[in-house]
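In what follows, subunit A forms one complex with subunit B and a second complex with subunit C.
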Partner chain A sequence: MAEQVFRYRWLVVGILILALGTVPIWGSEYFLLFFLLFCLYAGMAQMWNLLIGYSGLLSLGQQAFIGFSGYTVAMLTTYYGVYVWLSVLIGGFSSVLLAMFMSLFIFRMKGMHFAIGTWIFAEILLLWFSNWKFVKYGTGLFIKPASPPSMTTIYYAAFIAGLGATVVVYLILRSRIGLGLMAMRDNEEVSETMGVNVFWSKFFCFLVSAFMTGITAGILYVFQIFIQPYKAFGIDWTIILTVSVIIGGIGTIEGPILGSLIYILLSQWLAEYAHLSLLFLGLIAITIILVAPKGIMGSLQEKTGFQILSARRR
Partner chain B sequence: MEILVQQVLNGILLGGLYAVIAIGMSTMIGIVKLINLAHGDLMILSSYLSLVFMSWLGINPFWSFLAVVPAMFFIGYFVQAFLFNRVLGKEMEPPLLVAFGLSVILQNFLLLVFTPDARSLMTDLAVMTIPLGKSLNLPVLYLVDFLIGVGVILALHVFFKRSYMGRAIRAASDDDQGARLMGVNTKGIYSYAMGISMMTAGVAGILVGMTFTFYPHTGPQYLIIGFGVVIIGGLGSMIGTLIGGFILAEAQLLGAQFVGPGYQLLIGYLVLLIVLAVRPQGIFGKA
Partner chain C sequence: MDKKCNQEGSGGSISRRDFMKKSTLAVGTAMASSLALPQFVRPARASKRDYILIGRPNPTTGPLASFGEATPWVDNKVLAEINKDGGIYIKELGKKVPIKVKIMDTESSPTKAGEIASRLIVRDKVDLMVFFHTPDTVNPVSAMCERHKMPGISLDSPLEPWLDGGPYHWDFHAFWSVEKDIVPVYTGMWKDIKTNKVVGILMANDPDGVSWSAVFKKVLPGMGYRAVDLGRFPYFNKDFSSFINGWKKEKVEILLANTIPPDFTTAWRQCRRMGFTPKVCTVGKAVLFPSAVEALGGDLANGLTSEVWWTPYHPFKSSLTGYSAKALCDAWTKSTSKQWTQPIGYKYAGYEIAADALRRAGSLDKETIRRAIADTDLDTMVGHIKYNKQNYSRTPLVGGQWVKGHKYPWELNIVYNKEHPNIPTTGKMFAMR
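Presenting the complex of A and B:
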């Protein structure tokens, strides 16, 4: 079974991509919304996984990039009338600049200190934006592009971002850097003596993660039309990404995708009880770490060798 | 001028409170090498526990120490025994993620039970002051926070230096394998350490509840304050924790004074970042 799936994996992957890419043609409005969110969350989860699953960087501050890029898009489109997709792109690059600045501080820290350092940065940005008159303090900004894009256009952008994030992770893992990352994950000291440039590999992944998370968040806020500091820089983002990736499987390419799908399903199902859905997610996440620390995809791979997108060379 | 003196005075007193928030985290980082991301939420849980005891029994917050602090010991003991001890190992992510999950659960549980309304632990001390000058006052509640905070830290210092259990905990943390070879149940020791850490969180929770208002979502804010104190003061130094508390509190209050009240927390974080960039091991930490 696993062998057969593996042989036809590109066919399976192709069909899935085709189905997802044509939702505006065959799907209802509800489906369009559902898969729009799915693509965006999967993209962001993929980028969080790139950090923790492959580079050994635990970031609790992804919301720093999400909010910063979202606000960049909001300011550019609303105040300066910049073309909406151009401002999304600029939002991605502004995230990279932020990541570079952050790394001056947080790359001096390791492990747990790094994790909390990223979080503190997000908190600083939250306080900064909620005290900044230009962006109307805590009340938030409306994102009003001169010519608002249609839902279908936004969907295609989200689809490209989600697919793009997955492809980027896949390509990084198949490249020289990816080999180094895996060596690094197994044993950092040894890999460094064997010639892997640990700092640059981690730094590179951090910047890639910032860029793609920024782009994805930009699209999300174009879709949501409204941005507010307490939501945009809130720790809830990291909770959602963490839980999705843990459920799906840390350190697998399919994990974040499956995890985001489960998260979106669960949050739609419990839409009326938002707190309950977070409570459940917390319980599920703890159970999974205790029982099957590799998540759904990781455990499947271990038991059956089932893997659709292998980063390994055969 | 007197306003400035007032802020410096308040900062010192508030620093004692910050130090007691941080001391439990610092203990866990030092002994179990675990950053308990749920520390702030567990602290807020104890504020709510105190609230429950107060309204049940009609007592004032000080009596609730007698119930809340032991209760927090057991909560800590079981959280460590059933959750953290199972995931402690070579990798650092699983314990951190379990703590993160626990934090999410606690916040949403408190939200479900107590609604998002602001609460506080009412006490007469909140309005009392001791006049020191024309417009200089010593707020009694802050003084109580300071005295209890310093008392807890001294007690913990004596406990770790003098008592048998304290020395066993330090032995387990110095050499986990060695201690196990000598027949020490290190996981059991860790559970004790967490229980003690949660007792300090219980004290901190009641003090914070009396001094400020709290919501189900306030936990992370105090987690960051606690972590800031640990970073500034450096790990494994009780004096460092106290000084770290003073520095962070002074930075916040003076920042609010000179830049504006909205920037109080921001200035605190900036000081933290500067310490991190210049001296990552903390002012009193060993390199």
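Presenting the complex of A and C:
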């Protein structure tokens, strides 16, 4: 079964992409909303996974890019009347600039220190934005483009971002950098002596992750309309991404996709049952860590060889 | 080692440990999917149904939970009253149908509130949204109502941050304004006590703290007050001694605060410990709820003043049953054994406005409902509601002072009502020293 799936993987992948790409045609309004959120969260989870699952960079500060890009979009569209999708693109590039600036400091750190470093940056940005008169302090900004895009348009943008994030990860992993990353993840010192440029590989992934996270977050806030610093730069984002990736499977391409799907399903369904949602997500994450530490996809791959998108060449 | 062997050699026989692992995983997955899938796969309910559905995003958990506390008690009570004789006549259905409500938790997060509101609109196909409690709930949900052309009724969130999202076409809002209501009520209360007019500012670095301090610093000098502002402080600050020493040095006699309850508790205890007791201490937000006032401990709450938007002493009546604000609070206390809180009246009023608009609309057509809401001219539990061209209606604000109570440890007296003399005072303002 696993072998067969792998043989016809491009067909499976093609059908999935086609199905997702045509949701506005066949799906109800709710399907559109559901898969819109799914594409956005999957895109961001994919990028977090690129850092932790392949580059060994534990980032607790993805919210720095999410908030920064969200605010860039808000300021450009609302104050300067910039075309909304152009401002989303600028949001992505501004995240890269932010990542470059951050890396001046945090790339001198390793492991836990790196993780805390990214988190501190996100907190600094939270304080900065909540004390900045131009963005109305902590009150928040409404994102009001001159011609507000329809849900269908936002969906296509989200679809492109989610698909784009997955394609980017796949291409990186199948490239020379990807080989180096995997060697690095398994043993950094040995890989360095074998000629892998550890610093540049990590730096490259960090920038790519910042860019794609920024783009995705920009689209998210175009959908959300309202942005406020305490949640935009809140650690909640990293918790959501962590839970999604852990459930789906760290270090697999399918993992973040499956994890985000489960997260969105649960969060949509559990919102009717207050108090339960966080408890339930926590329980699932703990169960997965105990029972299948590699996540659903990781364990499936290990036990049955089931895999659709392989990072390795066979 | 043993464990490793087991995993590697799992080709043939299954060990007990393996079995447990696999079965737990299977059961877990099955549970998750059985819980989630039916909801997800079931097609969105058709719009032909024999009830009216109101969407209610509510901060049930998280930092705003005390605002959301009286849900679903108020919701159930008021719906029972509306639906008592069959509900509301809807022309398309040719009969009276009851109102039902779908309450969903926003976890006090604006992001989640936006997602929940969209879901209520596109999946549950609600006919109307009713929502309350702070900009974190009201702003994102209003924005979603505008996007999806969904009539919305919102209350209980200061006007200024809400107006930023305008102009509004579909959402209608009612509450007070910081500049036009809070400032006159606060400074009006201070006039009752003879002071040197030096005001110390204790405000957190959060949306309210930042915007309130800016407004007060702008208007106070023109009113003859001198503001001593030593800056914003972060949540859960533990040491306020530099603030307190600064106020002592400047001979502050009026303390003006806007903080979350735990921060005010810390700051106020330190004030008293360091021998700083102003003549007046007026606190926004932190002392709205009796639970927070009680948590101050000792007699520290005695004489604290605050803004009051609704109490059982307000002379307002239900447009549905005619019973008074006091009767509503008594019913709450009777069934929950808890002291009344201010959001109760506002929650109730939200449904009054909805029921009145639906009755006049007599239809589930969104535009007809929207126009009916716009034409609202109703005496509700929180006062008269009549929306202006910008889709909002200001509700009355008076000043209150916490005193030792008879029935409860602390009770709130209305001590200032100059702008709204129809709301009676229930006590006289006194100085704290």
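Structural remarks
One rule holds for everything that comes next: the second predicted complex is superposed on the first by the 311 of 314 C-alpha atoms of A that agree within 3 Å, B and C clash if a C-alpha of one lies under 4 Å from a C-alpha of the other, contacts with A are read in each partner's own complex, and residues count from 1 in each chain.
Keep this in mind: contacts are C-beta pairs under 8 Å (C-beta built on N, C-alpha and C of every residue); 3 or more make two chains touch, one makes a residue touch a chain.
Remember, it's a predicted structure, so these values are computed and weren't measured experimentally.
Once chain A of one complex is fitted onto chain A of the other, the partner contacts of A:E29 are limited to subunit C, with no touch recorded for subunit B. In the superposition on chain A, A:R185 makes contact with neither subunit B nor subunit C.
With both structures placed on the common chain, the touch criterion links A:H275 to subunit B and to subunit C. By the touch criterion stated above, A:R108 is placed in contact with subunit B alone, subunit C being left untouched. When the shared chain is aligned, subunit B comes close enough to touch A:I235, but subunit C does not.
Of the two partner chains placed by superposition, only subunit C is touched by A:L266; subunit B is not. Of the two partner chains placed by the overlay, neither subunit B nor subunit C lies in contact with A:R174. Once the two complexes are laid over each other on the shared chain, residue contacts for A:F142 go to subunit C alone; subunit B is not touched. In the overlay built on the shared chain, the residue A:R9 is in contact with neither subunit B nor subunit C.
When both complexes are aligned on chain A by C-alpha atoms, subunit A residues 127, 130-131, 275, 278 touch subunit B in the first and subunit C in the second. The touching residues of subunit B, when paired with subunit A in their complex, are 29, 35, 83, 86-87, 92-94, 96-98, 100-105, 107-109, 111-112, 220, 224, 227-228, 231, 260, 262-263, 265-266, 269-270, 272-273, 276-277, 280. If you check the complex, the residues on subunit C that touch subunit A are 10, 21, 24-25, 28-29, 32, 35-37, 39-40, 43-44, 58, 60-61, 102-105, 107, 109-112, 114-116, 118-119, 122-123, 135-136, 139-140, 143-144, 147, 161, 164-165, 205-207, 210-211, 232, 234. Residues 28-30, 32-34, 37, 127, 130-131, 136-142, 144, 148, 151, 223-226, 228, 230-232, 236, 262, 265-269, 271-275, 277-278, 284, 287-288, 291-292, 296, 299, 303 of subunit A are the ones touching subunit C in the complex. Within the complex, the subunit A residues that touch subunit B are 52, 58, 60, 104-106, 108-109, 111-113, 115-117, 119-121, 123-124, 127-128, 130-131, 235, 239, 242-243, 246, 250, 275-276, 278-279, 281-283, 285-286, 289-290, 293.
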